[in-house]
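What follows is chain A paired twice: with chain B in the first complex and chain C in the second.
Take a look at the complex of A and B:
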């Protein structure tokens, strides 16, 4: 009886891994099919109505990076009279507030909201909600303080709102400090797979492109009607993605709206960031799973993709289970199908690397980006994937414990930004434009 | 335990695994030892202005073309055929 249960579990887990693998094959092929198409420029003059846009920048102790973002905000090509830039200084203890104030004094479109210790430091969602209360634009966009967008990003992001069914937009994130060390190089590869292929394919196939919490935004009315960001969620961005879809709106991904980010630079920081993402994503899965299945606002293909998306952080845990199960199965006498199962399992695990984007997805993304040698590091993503197994397992265990114990605590669990990206920005103009 | 490993199959398996690992990680090792990738992807900066520049260039070029002169001649012919409405 025990062997039968183990066999069935192993089969189910291998089936799940293969399902995700097929999904990534479909995504990659979908993007490859569109690869030859030319980019469409976002020309404001062609638009009947130039939308007013508010940009929210939540910041807590970001003095190393906030200055360069605000400088960039002053260089945006979008008409300044249609733009409101609002820095939410969430009771920072460093010079973040002063730097923002300095920019505000020099540039009329920049405003600063200072939160006191009593109001602030309750997490990014809380800071964003405080800002949402005073935004004036028809569209609200969000940027993290360590980001650095292209100059016409607002045109690129706002053009999708010409379609009244679109409620939110997400742009592309590119790692700025990529050459820093092996961690940043692997994160850069994960980002290439995740955005250049994964997000773009979901947009192309009209599935569920995900709002990533930054380099994107919403219709202000919609966001307010949804009650803003849910402050009890660790992954408030994923939560909003599903709330937008469940309310009948769509999210579009714009690969032409590109923005640099400063990636984590150590395995310790990587663990902290991914743990937060994994736990928050799992929290969203428990919150939205049944709503997604029941919703009449989602088409069948969107529902299927939503299930894949919601459960993606459970997969490393399932891989661990399948390894554990395979040991007694092998020792107790494997059934005739197990050799096939082993082959399928190994094949899936081999492909299932780098924040769940398989080898070929990352490799083809790098190829489409015109990278010369970045994809030579793809095999090292195995280690990133192995690292994700304990991260996601711990996140799941901790989530269960907090559910049972009824503990709920969402504070700024932020990534420390060193400002190392500043030197890369300074050197950008010296880099020959090879890709 | 399923099946019996002979010495030959063990050696084949060992060398197979070693070769697989070497082939798999060799490119990464080479790139890490001497990076040749140009670093962070340079984001597109001038999507809007470059499109305008293309439009302006095409307008400038079109001033010299014979096709435009032909159109102008046709318009002139039509205008000359119209009745003079001035008193």
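Take a look at the complex of A and C:
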């Protein structure tokens, strides 16, 4: 009986893994098919109505990086009279508030909201909600303090709102401090796969492009009607993605709207960041899975994609689980289909397609970006893959324990930004030295 | 800051002012390449299928490799000759790899018994990854370089 259960579990898990791998493959082919087409330019003069845009920048102790972002905000090509830039200083204890104030004095479009210790430090969602209460624009965009956008990013992001069915937009994130070390280089490769292929394919195939929490935004009315960001969620961005879809709107991804981020620079910081993402994503899966499956606002293909997207952080746990059960299954008495030859056959196909899938996705993304040297590191992504197995397993176990024990599951752990990315910006001499 | 880093920094900074910062390689999709690629893959797959030197599981692997490789690299820029050459090299390396690794697995399994087979079940995919992904990234580099030569 035990062997039969193990066999069934093993088959289900292998089937799930193969389904994800086929998905990677379809996404890559979809982007390849699209790569020869000409891109549409975001020309503001062609628009009937130039939307007013508010940019929210939540910041807690970001003095090392906030200066370069605000400097960039002053260089944006979008008409300044249609732009409101709101820095939410989340009770910072360093010079973040003073830097923002200094920019605000010099540039009328920049405003600063200072939160007291009593109000602030409750996470990014809380800071964003505080800002949402006072935004004036028809569109609200969000940028993290360590980001550095291209100058016409607002034009690029806002052009998708010409379609009334679109409720939100997501731009592309690329790594600014990529040459720093092996961690930043691998994160850069993950970003290439995630945005250049995954997000773009989901947009191209009209599936569910995901709002990533930054370099993106919403129709202000829609966001307010949804109640803003859910402060009880660790992955408030994924949560909002599904709330937008459930309310009947779509999200578009704009690959032409690029923004640089300062990636984590150590394996420890990588662990903390991915743990938060994994746990938050799993939290969203429990919250939205059944609503998504029965929603009439989603087409069948969107529901299928939502199923994959919501469960993506469970996959490393499933891989570990399938490894564990394959050993007793093999040693206790392999069933006919699991004799060495056929098992190796099944596993070989899986390993071939399986190992190949995420890697070819990243490889093709790097190729399309013209990143020839980046190809050479694709094989090393296996270390990041292996590292994600304990991260996601711990996230699931901790989430389970917090549910059982009834503890609050939101434990915001801020990513520290060193400001090393400043040295990769050509106009760094324009950023005042003290920042 | 090292020279290399300065160079990279300048590149990123300058590109950050452009609408498409990371560059955007345009593909000239040639259906003839894809059709010929799949034909070549079918020939290689049949040759492997009817050979007596490769085990059943390795046959599956190499057939999967052929069709995945063609579908992903033949739509890219570059000459047909380069692509067919890469496909042939992939098949030769693949056959050699599975031949050597199967001999290794049999030898070690004889010595350690069934426990090693179970271990190999888990390690196998990672061992295969060494040549598959490396060969794939090498092929992309070759094709990207070929494109640059064409442009120059």
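By definition in this document, the second predicted complex is superposed on the first by the 403 of 435 C-alpha atoms of A that agree within 3 Å, B and C clash if a C-alpha of one lies under 4 Å from a C-alpha of the other, contacts with A are read in each partner's own complex, and residues count from 1 in each chain.
Just so it is clear, a residue touches a chain if its C-beta (ideal position, glycine included) is under 8 Å from a C-beta of that chain, and two chains touch if they have at least 3 such contacts.
Please read all numbers here as calculations on a predicted model, not as lab measurements.
By the touch criterion defined above, A:29 reaches chain C but does not reach chain B. Contact with chain C, but none with chain B, is seen for A:363 once the two complexes are overlaid on the shared chain.
After overlaying the two complexes on the shared chain, residue contacts for A:106 are found with neither chain B nor chain C. In the superposed pair of complexes, A:179 makes contact with chain B and with chain C alike. Look at A:5: by the touch rule set out above, it reaches neither chain B nor chain C.
In the superposed model, A:293 makes contact with neither chain B nor chain C. Residue overlap on chain A between the chain B contacts of one complex and the chain C contacts of the other covers 39, 41-42, 150-152, 156, 174, 176, 178-179, 256, 258, 260, 330-331, 369, 371-372, 376, 378-379, 424, 428. Those residues of chain B whose C-beta lies close enough to touch chain A in the complex are 1-2, 24-25, 27-28, 30-32, 35-51. Residues 39, 41-44, 77, 149-152, 155-156, 174-179, 182, 188, 256, 258-260, 330-331, 333-334, 369, 371-374, 376-380, 424, 428, 431-435 of chain A are the ones that touch chain B when the two sit in their complex. Only residues 1, 4-5, 8-10, 12-14, 16-29, 55-58, 60-61, 64-65, 68, 71-72, 75-76, 114-115, 117-118, 121-122, 124-126, 128-130, 132-134, 136-138, 140-141, 143-145 of chain C touch chain A when the two sit together in their complex. Interface residues of chain A facing chain C in the complex, by the touch rule stated above, are 25, 28-29, 32-33, 35-36, 39, 41-42, 148, 150-152, 156, 174, 176, 178-179, 256, 258, 260, 323, 326-327, 330-331, 340-345, 347-356, 359-360, 363-364, 366-372, 375-376, 378-379, 382, 423-428.
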